[in-house]
Structure formats: structure tokens, C-alpha cells
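Note sheet for the following structure.
Think of it as A, B and C in the order they're written, each chain with its own count starting at 1.
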Amino acid sequence: MSVVDRQEWDVVVVGAGGAGLRAAIEARERGARTAVICKSLFGKAHTVMAEGGIAAAMANANEHDSWQVHFRDTLRGGKFLNQWRMAELHAQEAPDRVWELETWGALFDRTKDGRISQRNFGGHEYPRLAHVGDRTGLELIRTLQQKIVSLQQEDHEETGDYESRLKVFQECTVTRVLKDGSRVSGVFAYERETGRFFVLQAPAVVIATGGIGKSFKVTSNSWEYTGDGHALALLAGAPLLNMEFVQFHPTGMVWPPSVKGILVTESVRGDGGVLRNSEGKRFMFDYVPDVFKEKYAESEEEGDRWYEDPDHNRRPPELLPRDEVARAINSEVKAGRGSPHGGVFLDVSTRMPAEVIRRRLPSMYHQFKELADVDITAEAMEVGPTCHYVMGGIAVDSDTAAARGVPGLFAAGEVAGGMHGSNRLGGNSLSDLLVFGRRAGLHAAGHAAATTGRPRVDDAQVDAAAAEALRPFSAEAAGEEPVAGPPENPYAVHQELQQTMNDLVGIIRREGEMKQALLKLAQLRIRARRAGVEGHRQFNPGWHLALDLRNMLLVSECVARAALERTESRGGHTREDHPAMERAWRNVNLLCVPADPADGPPVVDPEDGQIRLVRETTDPIRPDLLALFEKEELVKYLTEEELYE
Amino acid sequence: MSSYDAHFRVWRGDVRGGGLEDFTIEVNDGEVVLDIVHRLQSTQAPDLAVRWNCKAGKCGSCSAEVNGRPRLLCMTRMSVFDRAETITVTPLRAFPVIRDLVTDVGFNYQKAREVPAFVPPEGVGPGEYRMFQEDVDRSQEFRKCIECFLCQDTCHVVRDHEENKTAFAGPRFLMRVAELDMHPLDAAEESGLDRRRTAQDEHGLGYCNITKCCTEVCPEGIRITDNALIPLKERAVDRKYDPLVWLGSKIRRRPS
Amino acid sequence: MATGTEPPPTDPRPPSGVRGAGRAAIAAPHLRTDRWWLAPAATAAGLLAFIAYSTWRAFANADYYAAPYVSPFYSPCLAQNCRPMHAGPNTDLFGGWWGISPAIIILIFPLGFRLTCYYYRKAYYRGFWASPPACAVAEPHQKYTGETRFPLILQNIHRYFFYAAILVAGILTYDTVLSFRDEHYAWGHMGLGTLVFLLNITLIWAYTISCHSCRHIVGGKLKHFSKHPVRYRAWQFVGRLNARHMLLAWASLISVALADFYVYLVASGVFDDPRFF
């Protein structure tokens, strides 16, 4: 099937969010001819949804801030499971990445002396988030988009073609990473608009596809978040790391039902918003865990004083890391102290004048006004946990962002694992995108330049990928399938998957339910093979969903299996049957590797799925980094042996 | 929670032709038009093409026309309509249609490339940028733009006159010129680029007759006309229609 | 016999705009279901009413002075044929050759100011020229060049009319001060007309100051507000007024007509100006 159009590029970036665009900019500036592929229009990536800010220790708002403090906060937030070298690089390089955005035209909110203003956020010791109102993600994506355009303008001046060195393939989906032996040789993709297949041949591929939230029913994530990158890497033979850690953002909208899950930014709390239950009580004071006891206020008065005088008071517990707040809200609702629509109250109306709310939180004000008919300057919001972010992801080398085991494959952003450990701090996501997006682009360009003899694209792989992509159009003819049956509606399968993950592998997990989930996933996998679609290949959403189902099912299995395996509670993984954090699990990584053959016909037996788990021990944290913490704190996380070393 | 059946007419077809198709579909409390389009997809028309993404009015993907008015489908609540009303949903009518509610918005990406990028000031390194809030306020308003292209769709200059598309950048990108011209550290002028002059000469500012439809449809509430387009026109006047400047240039040109 | 093979009768003009090739095939020029025609119709009616009234009054050349009030349409009065007004805004600048109503000389300036005003442009492009009649409603014109060519390119001289409008507003302010006299030119009196004049001059100034060109001149043209704190404050003030430019445009249009009509009523003897003191 050599009719498939082929193009040669040096670096292919899959995904055009913050990480993908930053990678593409870097690769192009390093001289690599770079192609970017994204499922949506250019500039619509999920990064635009990020509201709060970019965490970077620039010390503009508090001079005591430094990369060491940022590193410490990040490790605390991640409960010491972070790939510490990533956290170190991240804390060190984030300020440069933010400043660089200004040279590309970004306009952050300013301090009185003209520098970038920084705001408070959960888990950050000092005000650290560079922001633009509550639309920081939009500013980030637009700045990167405009930087790409400016590079294209340079190329146009030189070559007469805007796209000679940097091209964005928008509204295209990658379904397979192609390989030449163990090396990456390119990607197989289709145009959503026409359904036409094409192959981009390249020695280096950067995966920057974001997260997996669309496998859950209540989520803040957009339709694009179907775990494509995770699945592409896994199918290409690269392992996924710690997939059990899924962050439920504590404050998503709970009403009306059609917007359930849409995010209410953490800045609402950072700027003074408080959580109350139906009895009017600020319940977070009852939920400060022992490891954080010394860092948080014990009374409302102290918490309130902190906004004005952070040096002499401790922060209010509403600003605990997200996992703690999400669990607390969950408990309050379960105990019958929830709001009418099953959340709790988040109130700014009694804390700030209406005019200040409208200025500091403009898009929240509009979001509630227009979607829920609630005026947040006059009444409290109703909020509850929503699936927001996956800490787990492609296992990568900390310095180069190279995926393990597949030369030429790189990953950055949410799709990469390790950086955030078991729980991500707010604001660390945007800085992660920039720091590791740049590193991925840098090393991908280096890898492409150092490659001798371009890898060859195997026709058989292209044919197989094309056949796989076309299967939904001939669902009835699936006679050779292990379990034959009528064609399935892909929308129905998707809805069942979301319900399953939400109910059985959600915010609080139990062994029995997860086993049930694995059983259910196995059944859905078989039904998904029969997902059939009507119509033709031109912009057919039913077909697109049928193809995305493969990825969501694969990733969901990783989450469920890893969650079943880790018998402790840590960060974004809470086991009702193992409620304590175990020091013995602190240095254990769970890797998902493809079971052989991962892309063969699905197996019916839930015990024997598409992936298997491998345990590995993490690298010991470098002593100079450990020395940044007090001994008393380390004792809570590290085992005796680790401490003595 | 109450629900009812609503009457919808949705344009279906492609560049070869098409028409409005009737549907009767369930609507629940608190839903928006995009929810109904999704329900049509999952129950009655699985291949109904629609572009969407964040479903929270932040990405600007689900632009279409509802009862003839350019809107974001995700920000149009069903409660604004009468229950007996027939709701008509069509693709954007200023751009070539691809399929159903999806149009080819390539015009906008082409125009985006024609606006010269931010020019960083010489000798100011990363981390040394000093700008004051009052200096960035104006451009920040324009940077709220989510690029839904509703302003580009509604603008009669290109909506009603295809032939103007080459000469006219549209409100979104004239606003981009204004944003850069008001950026406190943009060094275009020092590099020899006169944004005010090019706004008129290359981006078709003169086509704008300030009839304000762009401002009317902007889901972000950006005052495009009053704060971007008219100030830009005034800035162009500074350059091009100030008689003293004009006279000066005539006199100086004579000897050569 | 027709065999059905003839080409269908073709519209000599190829379909364009929303019904052009490539766009979604929808025959209707628009699908709006609301009363979109109301706003342009009301605008056109309002403007037409004013045009009719002001044309009559401007050419009437009568009943424009009733001491101490002079109609704003005839102020300043710059020809020999002006009614004498004691210490009033009249100078014989044009001499005796000017035969028609002296209002014409001066009305050019407020007319030009309003004609090139960014709000009125919107109003009459929509209301009279249907370009466009309303948002997302197809306009009836085949071609459109906007303000790129003569004559509409002249709209760019708005700011010079703004300068003139400042002078006119200054003179009308003077007239208002003069209205604090009685009919024998003694100072320190007030009548109902004084109130009408006060209202009018307030609205005239508010409209003039809220002008987009003014906003540009006082501060909008600056790149760094932080270096010009006074002009920044001025820009903010004008900006707040500017947000109500449409309202002020209509209010001042009505008030100026009202002031003139008041003078007409008093001058033509329909009623006597009620004096307060």
C-alpha cells in the first residue's frame, strides 16, 4: 500500500500543547526540520485551560524564594516519589523558561516595580506563580504559537515558504509510531478533515499529547485527552511509569450536569477563597495530615492573617496539596455535609469586594455567570473533585526526556512520568511543559543530527496501521474475532468505560472494585474491537472515537493494574483498604510494559491483559538534595536504610 | 430535574451541497447547545461533524451560528430559548464549509502569518524586562482573545465580499497589530517596521467601517472596535493623514 | 419543444458572500429570528427626524434670537445679515455678500464632526447604507471598499473636526454664560432657557470630550502610560466617557435641537421664557 503519502522530517512532535510547541521551537532553532501534529486546530490545545500560573522561583514577590525551596515543595507535594533529577532541573530552569516567554511577547501581570507578579498556590511555600489573571495557559499557548509563526516568517523570508522548516499539521491524529528495528522511524497518521492517511518519516519523535482524563466520567479534560501518547509509546515498546497516580482536582464545578467537572481554578483559594460544608464550617482545619502539621495554620484567624503577613503566620489549610483537599471534600460529602448538588461550598463572595473578584478572577466570574447562572461575587460556588491530571506517564531519562528502550522516542509534558511523583503541585504543570518541552526538543534535534543512515519505514507496518485504522468501517465482517457479535456503538462503549473508571478506579480505591474494573475493561476491549461507524472518512467523529477507544482502554488498564498493585495510599492514589503511606513503597516504581503481543487480538481473560507490571527500585536521592530537608521530615518518608546511606 | 424535547434544524452537508435537517431531541436542565449536538451524535447522527474542545469557552473551537447569530456552541445555554422554538444551527457562513458544522478556517491562520511578530528590544536580556501594569493593560485585553474567529465570521467586509479576503486581515488580526503597537517593549519601530502604516497599507484597516459587529459577537467581551480598531485608525491618521507630516514629507522630497 | 436541456435562467450576477461558492449551501441571506431590523430602523428614523428639523431651522433664517438666548444653530453668527445680539457671539466676518442663512456657515463644523464621528458612522452605515444592516445579515451591495477610497477615506479627518468642535463648544459655553442675563442684558438672572442651555452645553461637552480622537490625543497615542501619569489619568477619564459615546451622541443631538426649539418658541412668541430671578 505505497499509495500512502510520505514526507521526510528530522523531528516529528506529536501534540501542540505547551510541551509540544516548546519542543518544536527548540528543535527548529537547533536546525532540525520539524513537523508538529495535533488533533485540534493550532492554538486550541488543552494547555489553554490552565488558569493559575507558571511556578518558577524568580523571587519577585518574596526574596527568600530559590530553586532549592521550589524543589523541596515539589518533592513534598509528590510525597518523595518524584524522579528527583527531573524535579531539580525543573526548579532550576523554570525561571529562565518564563523570562524567555517575555522575549517572545508574553505579557504577565506585573508587580509594582515592573517585574512579573507571582501569586500563592497550594503547596508552594512562597508566592511563585507567574500569571495573567486566570488565563495563564492561554497566554502560554498563544505566546508559543506566535513564536512559531515568527520562526515561520523568518523561514519565509529566507526560503519563500512559511513551512519549509517548521510545519504544523493541524487536525491530524497519529495512530502508530513506526519503527525500524528498535529505532523510531516515523509516525502513521490520518487527516481528520479528509480521512486521508499519511506517514511522516523521522529519526526522532517527541510525544507531547497530554493526559488521559477522557477515560473518566467527571473530568476537567477535553476530548483530546484520550491517552494517545501513552498508548503510542506503550505500543512502540516504551514502558509507562506509575500510572496509578491520577490527580483529582479538588474543585470542579458540580452543577449543571453538562459542565460537571469543569475546573474552578486553585487561584480562587490562593487569593482568599475558603471551603465550607453545609453547616458553614471551614472543614479543612480538620484534615491537615501529620506530615504537614507544622506548615499550616491551626485557626481561622491565623490563616486569614497569612494573606497579609505570610512571614509570621502559617498558610490556611485550603492551600494544602490537591490530593489532600480532594479527599477532604470527598469525606465531607460522604458524611452528609455536602452542598445540594453533591459538592461543598467554595466562597469568595464574603472574602473580597465584588470589584476585586471580577478583576482577579475574571474568567471564573464569567464561567459561573454564563454556565451556572451563579454570581460568585454574591454567593458561594459549589465544587467537588474532578479528574484533572495523570502524574504517571512514559518513563523518561531525566536529562534528555528520552523514552526508555526506544531510541529516537522522546516525551515531555503530562504524557511523561516521574516529574511530579505521586501528586503534582498547581503551577508545576506549565513550568514542566516549558522545561522538559525544551529539553525534549533539544535532544530530539541532537538525536536526529547524530543519526547516521535514516531509519527506514517498513511497508508492512504502514499497511498494518492502515488496516487497523479502517477496521471500524467493516465491523460486521469481524468474523475472525475471538468473540463475534453485532457492531457496537463507539459512543456507548466510551460512556461505559468512563463510568467504570469513575466508579471503580476513581478517587478512593478498593481491591475488589479494581478487580471488577479489570474484568469490565476486558469485556469493553472486545466490544471496542467491534466498534462500527456509519458514513465515510471525511471528518467523521464516530470513526475518530472508535480509534481513540483503543488508547483509552489500554491506558485505563495500566491505571487499574498499577492501582491494584500498589498497596498503600500516596498522593493521587488512595486505597481505602490500605489507607496509610508506606515507607517501603517510597522507592518503588511500577512500570507498565506491553504483554506480548500488545497489539495482537485482545485476550478475554482479565488476569492476562495487554500489559504487565514490572517493579523497580528508584535511584537514591542525591545527598546534597536530601540535605535540603530537615531530618525529622525525612523520617516520615524514607526508610531507615535509605536514611543511613 | 426537568427535561423536554426540543426541535433542532442542523445544517448537514459539505462543499458539494447540503441543507437543514430536522431533529427532535431531548434537552435537560442546565444544558448548552453543544450538549445537544453531542446527544445527536451519540443517538441519531453518529457522523455529525462538529469541532469542539474544552467545552468551557476557553479554547474557541466550537464556533458556529445559532439562529443566525455567530456563537460558541458551548456557551449558548438552552435556557435562553423558548421551549417551543426551533433552534437552527449552521456552520460559520463566512468560511468555506468542510462538512456539517465544520468549516475551513485557514483564512485566519494565513492572516496570522502576515502580521509581523513581536520585535524584542535590543540590549534587554531575558529577566530584565520591566513593564508596568498600566502599560500592559491595553495589550492584555487583546490577548484575552481565544481565536474563536467569530469576529472574523461576522465581519461583513469578508463575510459578504469574498474578494476582500486578500486585502483585509479582519478584526482579530488588526487587533493583533494594535496589541503589538501598544506593547510597551515592542521594538518594531527601531527595526524599521512601522506597524501603524502597515495596518493601513497591508492589513486593510481602511476596509473597517467600525460597524462594531466584531465587538457584539466577541465571547470574551473584548471591546475590539473601541479599544483596538479605532485607536489603530487614529494611529494611522498620525502617520498618514496629518497635514503637517504630509507637507513635511512633500517639501523634503522635492530636492531629490 | 423544450427538451429540458436548456440551461436554467441564470442570475447575471454570480452569487457571492454567504451564498457564494464554497460556503455552506444556505439560500437565506440570514437566519436571524430576532427583530434585528429594529435597531437600524430606529436609528434611521431618529437621524432622519433630526435632519428634517435641522434643515428647516438652518435655512429658516428667523426666530433664532430671543435675548439673552441665541440658538446653538446660529452661534457664532458670522455674516452681516445676523440679528444684532448685545455682546453676543456675532461678528461680521463674511460681510454683506452672504445672502442666505448665516447658520450654514457655522453648521458645517458640528455637522462635519458628527458626520465623521466613529459612532455616527456606525449608525448611518448600518441605518442608511445597510452595510451591514445588522450583524450576520447579508448586505445588499455587490462591492465594498469601506473607507479605503475617496470620499470615505476623508473620514480620517475626524480629529480636525474635533478641534473645530472644541471651539464651537467654547462659543456655546459663552452663550450659556450670556444666558445668565435678563432680556435687558443685566447680569445675575436665570430663566428656564438658562437651564436648557446648561443641560445642552453639558451634553455637548460630554459628547465632544468622549470622542475617540480626543481619547487618542489626550493619551491613547502614548506607548508608556507609566511615564505620563497625568495624561494617563486624562485618558482613563475620557475612556470612561467614551464607553458612553453612543448615549452622549444621541443625548446631545436631542438637547441641541431642544435648545434651538426653545429659542424658536420664545423668539416666535409662542410663549414667554419663565424667569426664576
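The rule we apply is simple: a contact is a pair of C-beta atoms (placed from the backbone, for glycine too) under 8 Å apart; a residue touches a chain by one contact, two chains touch by 3 or more.
This one's a predicted model, so the numbers in the text were calculated from it and none came from an experiment.
Here the chain-to-chain distance from chain A to chain C, counted in touching steps, is 2. Taking the mean of each chain's C-alpha atoms as its centre, the chain lying closest to the overall protein C-alpha centroid is B. As a whole-number value, the distance joining the C-alpha centres of chain A and chain C reads 57 Å. Remark: chain B and chain C have CA centroids separated by 30 Å (rounded to whole angstrom). In chain C, the residues touching two or more other chains are 226. Of all residues in chain B, those touching 2 or more other chains are 132, listed in ascending order. Counting only residues that touch two or more partner chains, chain A has 114.
Those residues of chain B lying in contact with chain C across their complex are 11, 13, 15, 17-20, 65, 67-70, 85, 88, 90-91, 93-97, 103, 132, 134-135, 153-154, 156-157, 159-164, 182, 184, 204, 206-213, 216-217, 223, 226, 230-231, 233-238, 240-241.
Across the complex, chain B meets chain A through its residues 1, 14, 28-32, 35, 41-42, 46-61, 75, 77, 79, 98-100, 102, 105, 109, 112-113, 116-118, 120, 126-127, 129-133, 136, 139-140, 143-147, 180, 183, 186, 221. Per the touch definition, chain C reaches chain B in the complex via residues 16-18, 20, 22-26, 30-34, 118, 121-122, 125-126, 131-132, 135-139, 141, 143-148, 152-153, 156-159, 212-213, 215-216, 220-221, 223-226, 232, 242-243, 245.
Touching chain B in their complex are the following residues of chain A: 40-46, 48-49, 58, 95-96, 99-100, 102-105, 107, 109-110, 113-115, 132-133, 135, 138-139, 142, 146-147, 149-150, 152-153, 156, 162, 193, 222-224, 255-259, 262-263, 363, 366-367, 370-373, 489-492, 495, 533-536, 538-543.
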